[in-house]
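One chain, chain A, links the two complexes that follow: it is found with chain B in the first and with chain C in the second.
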Partner chain A sequence: MKLTWFLEHPALRRAVMLSFILAFGAFLILPLVTLLLWAFADRWFFPNLVPQVWGFRWWGWILENTDITKAARWSFLIAPTVTLLSAVICLPAAYAFARFEFPFKRFLYVALLASNAFPKLGLYIAIAALFFQFRLIGTFWGVVLVQLINTLVTMTWIPAAGFSSVPRELEEAARDLGASPLRVFFTVTLPIAMPGVIVAMILVFLGSLDEAQATLLIGAPNIITMPVQMYTLVGNYPEPVGAIFSILLTVPSLILLVLARKFLVSGYLAAGFK
Partner chain B sequence: MSQTASSSPSPAARKLGRLVHSWREPVLGLLLVLPPIIVLILLVLYPALEALRFSLGFVPADNPAYASGLDLVNSNSGSLEVFKKLFASSFFSSNLALTLRVSFVSVLLLVLVSYPLALFARFGRGKLAGVARVLYLLPMFVPVVIATYALITFFGDNGWLEAILGTVGIPYHSVIRQEAGIVLGHVWVGVPFAVLMLSSGLDGISNESLEAARDQGANAWVVFWRILLPLNVVPLLIVMTFSFIGVFGSYTVPYMLGPSAPQMLGVSMALNFGAFRQPQQAVAMAVVSFVFCAFAGALYVWSTTRGRKS
Partner chain C sequence: MSQINFLNVSKSYAGKPAVDKLNLEVKSGEFVSLLGPSGCGKTTSLRMLAGFLEPDAGDIQLAGKSVLGLGAEVRPTAMVFQRYTLFPHMNIFHNVAFGLKLRKLEAQKIRDRVGKMLELVGLPGFEKRYPAQLSGGQQQRIALARALVVEPQVLLLDEPLSSLDARLRVNLREEIRAIQRQLGITTVFVTHDQEEALAVSDRIAVMNEGVLQQYAAPDELYARPATLFTAQFIGSMNLIPGRIVGGWLEAGAFRIPAPNLEPQSITLAVRPEDLEFAVTSSLALDNVSATLESVTELGHYRSLRVKTGQSNLTVFAARGLMPENSSDARLWLRRALVYAGDKLLIELIAEPHHKIEVI
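Let's turn to the complex of A and B:
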């Protein structure tokens, strides 16, 4: 039996669903298309539907602008640092949550959620005040630390779901054949749990590239990443500049999306919350 | 991992080994989970507590960011003076009202858009369902700042939408720099999380239970209300809680898409902390938003623990 029977009449159902998806698709995609058009517009006056003059005039300007290349450098220094640091801190915990029994396990697991349960800007302000005290404002490590907060749940819960999906029998079989615990971990457990770890790392990396609020508050004026740069670009430069910059900023995400598509649809994203 | 290193294939010996080393597992487990918990305590709980103390009038002399603020309320025994002033200010109450309104409307719209998508992603067949499954993930890969900028160029004054509607003579009034603009932005940004959560919950509902209801003659509406919704209530609550907290504490979306007055609390907090040099007011607003979001969080914790018991 088919399961697409939510509305009783197939034709009607299809029409309703089609128009819903079309409307939703337009809502999601058309703003991005507008940006794309702006990125290749040398001149575009309202109410023309497409630019009057197409061109690449602003691309050269952007790629030569030192502020922007500096921002790109900071972004691509900070994102991998945050991802690696978060992995070092959280992955052993994820394994412990999945495999060990210890006191307060359930409580500690849920407690991590506190990092997501505070309204973000309020928390960032409280942290900014603390970082003033420790002279971390405007420093690389200040930004890395503040971004670390948002990674705790992702980097613990999703890999934990991955680790607990590894059948214990498999590990025990490997032990029976004489493999050491470490060897079992690296040759049996980790490879099977890898999709969860990869999804978590991708999400953390993207989250760091995307982060603007905390980075602005903690990093300014020395550490300006690409999204923070975007705040100033939007108000002070013509549309094509913001549009081109947007494309440059979205490219890494899209590359990761394509690379990780297989893992992303496999349900790991929501795994931790169950 | 708590077994002896010797390879002992018999289950009895293995069990003995586990017993002997039973203390190792709890200690090792606690040690391994310690690092993220320490980060949580140092970077979330401690600053939040300091903020709370500061808002109650305990001004830490060794913290220049707090101690150098203007209009400080100083108290050795704690006072609610800052909050009294805050709630007496008409700016704050209209900001708070706006924040609550935007949060509720955004969450409502988000659920209304995401639920059909999640149902379609879970139960739909064919090309269209495949398209939908990729489509809803898209905003996850667009940085929020970029998303808001894209929305401005499309929905804003003299934007593409106005140009398109103009060709067929439909008048359009821009939603950008309005309350509606903030809601629009949050729905755009929030869809992937909401749909992922909801459809992962729907994955757990077996086709058999739906078919059984179907055989009993239940129509789609009944199936939705009696089976899908009750069985999927925890993911729904998660979506509502976390979207609410996310919208409530947001900065980028209201900063880019919202009106300059009244403002969402996040924008107002940042201004008070930075430009206005009134950290105590900013921190008090943060405390107020912690309290509101604590209610939302409590709802989530209550619902998940209840689900676990039954």
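Let's turn to the complex of A and C:
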């Protein structure tokens, strides 16, 4: 008897599938449910399954806390800066990797991963020592710079794949019709590779919003972003505070994903290349 | 006046010559095909003309002026590509208007010219559609419109029909030819399909391994291929190895008087339609005995496999005649070409009902 005998019976197969879907759904949803419950719980003790007292007490406290609003401001200043700078630096590199042949190309391509190959904390401490010399500790640009390192792989690899999927014939056709190389890039190559670029930018933006280790080491004490603030909040205040803060951190991600849905699911580009 | 001139143009990839000392001139308004198997250098030549490749040696001139060093964007050429021709993120209007916008025309003028061009290629009113909504043939028409709308001096076609199905290919090539005639635009057409080249070209340049084999009008190319390669590449051809010895040309079963030719080994090349197969009891010097091996129906004619001596020959026969096999079957040679080495030596034509003579 085959090991997959149960897949041959339609009813059993459906049951197996359903239980997989339920398990996966629970895995995704349950933590969020807990988060939501905690965010609106003024009192919740074991062994109750739901909070005893509901309320908004901690919401008011958080929204009025100046430390937290300051942290939000830093976060939303740093994340776009990192994203744009990273795009400016990495997109030309991505294009070069996709289109040109040069010595050590493969080596350099893989070398982008180097910062991920070492324990992050060790790397950050070494960087912090270096930044101290250049007076970058506790500065906005110091944080931006250290966060940029983490974005290199994402911002180069994903757009590079996007660029190399653009048929050369299309770029040549545009050249042939009189477009300069720069114009070809902006009117043909970039628009067609855009879904990949957008995805990379979203990942980098969210990565920056979420970054705590490096920001804590380089930015403290002046630059405290939301995730760094989270450490303090989770350590020093009751659970609802952490839960509410997590929800607030999730909002930008959700908004971004909804806005970018068009790019993420659109099939209009693929259809042209059959 | 000659519009395009290739002067001793060479290009090699990694030491391997792709185009070798190409000399080719195209007259104004002419439709010229570059024909050859893949890797023969035809596309490389076209891309050098368009400005996507620079030759290693030689010169390329347009209207008497060298275009070397000029990028594709400034050359007065426009190309239609084999695949991935249209910009997928732009609608048809923006695709066709692409070159006009670069030339900074007013919006109204652009709309007029795009509209007119879409009419010319038979797709009026398609402005709002996207490439993905069009069939392959329609996409190539739009690509043609996009190239023509900028009024180039030279139109370049890089196998634009090869991804289409057979019937559409025939229709579209006729249409392209009609539009080309109407506009009088000098056109260079790259194809590996000899039938396509024969059908539409004023002249055909046959290339093989980077070397131009022959540059001639389609009928001349078919009637008198200058090299053995062209003889094999264009149409079907029976090749019979033989030699000239003692005033006679001997090839397979054929023995033809050749009093004026030097003794040497040759190849006798015979078109299937220049052979005549019949059952007759009259023996004559002008034919050889043959046996019928097989018959293939090809619609408007039949292709016969005929064995004579050591060689198997292809003979085309009219549909009405159904040859039967018989020991009395004979094969007549009406016309043949003699190649010494790779080069055409002489053409043989039989007088009606007479022995074939060396002329």
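We adopt the following convention: the second predicted complex is superposed on the first by the 250 of 274 C-alpha atoms of A that agree within 3 Å, B and C clash if a C-alpha of one lies under 4 Å from a C-alpha of the other, contacts with A are read in each partner's own complex, and residues count from 1 in each chain.
The definition used in the following text is that a residue touches a chain if its C-beta (ideal position, glycine included) is under 8 Å from a C-beta of that chain, and two chains touch if they have at least 3 such contacts.
This structure is a prediction, so every number in the text was calculated from the model and none was measured.
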Partner with the higher number of touched chain A residues, chain C or chain B: B
Touching partner for A:Ala79 - first (chain B), second (chain C), both, neither: neither
First, second, both or neither for A:Ile223, with chain B first and chain C second: neither
Contacts of A:Ile192 with chain B and chain C, given as first, second, both or neither: second
Which of chain B and chain C A:Met201 touches, first, second, both or neither: neither
Partner chain in contact with A:Pro167 - chain B first, chain C second, else both or neither: second
Chain B versus chain C as contact partner of A:Leu136, first or second or both or neither: neither
Which of chain B and chain C A:Ile149 touches, first, second, both or neither: first
Touching partner for A:Arg183 - first (chain B), second (chain C), both, neither: second
Residues on chain A lying within both footprints (that of chain B and that of chain C): 175-178, 180, 269, 271, 273
Chain A contact footprint on chain C (complex, rising order): 50-52, 71-74, 77-79, 81-89, 98-99, 102-103, 130-132, 143, 146-147, 150
Residues of chain A touching chain B in the complex: 1-8, 17-18, 20-21, 24-25, 27-35, 37-38, 46-49, 88-90, 92-93, 95-97, 99-105, 108, 110-112, 114-123, 125-130, 132-133, 145-146, 148-149, 152, 155-156, 175-178, 180-181, 185, 206, 209-210, 212-213, 217, 227, 230-231, 234, 239, 242-243, 246, 249-250, 253-254, 256-257, 264-265, 267, 269-271, 273-274
Chain A-facing residues of chain B, complex: 1-3, 5, 7, 9, 25-30, 32-37, 39-40, 43-48, 50-51, 54, 62-66, 113, 116-117, 119-120, 123-125, 128, 131-133, 135-147, 149-155, 158-164, 166-167, 188, 191, 196-197, 199-201, 203-204, 207, 210-211, 214, 219-220, 223-224, 235, 238, 242, 245-246, 248-252, 255-256, 265-266, 269-270, 273-274, 279, 282-283, 285-287, 289-290, 292-294, 297, 301
List of chain A residues in touch with chain C within their complex: 167, 169-170, 172-180, 183, 187-188, 191-192, 268-269, 271-273
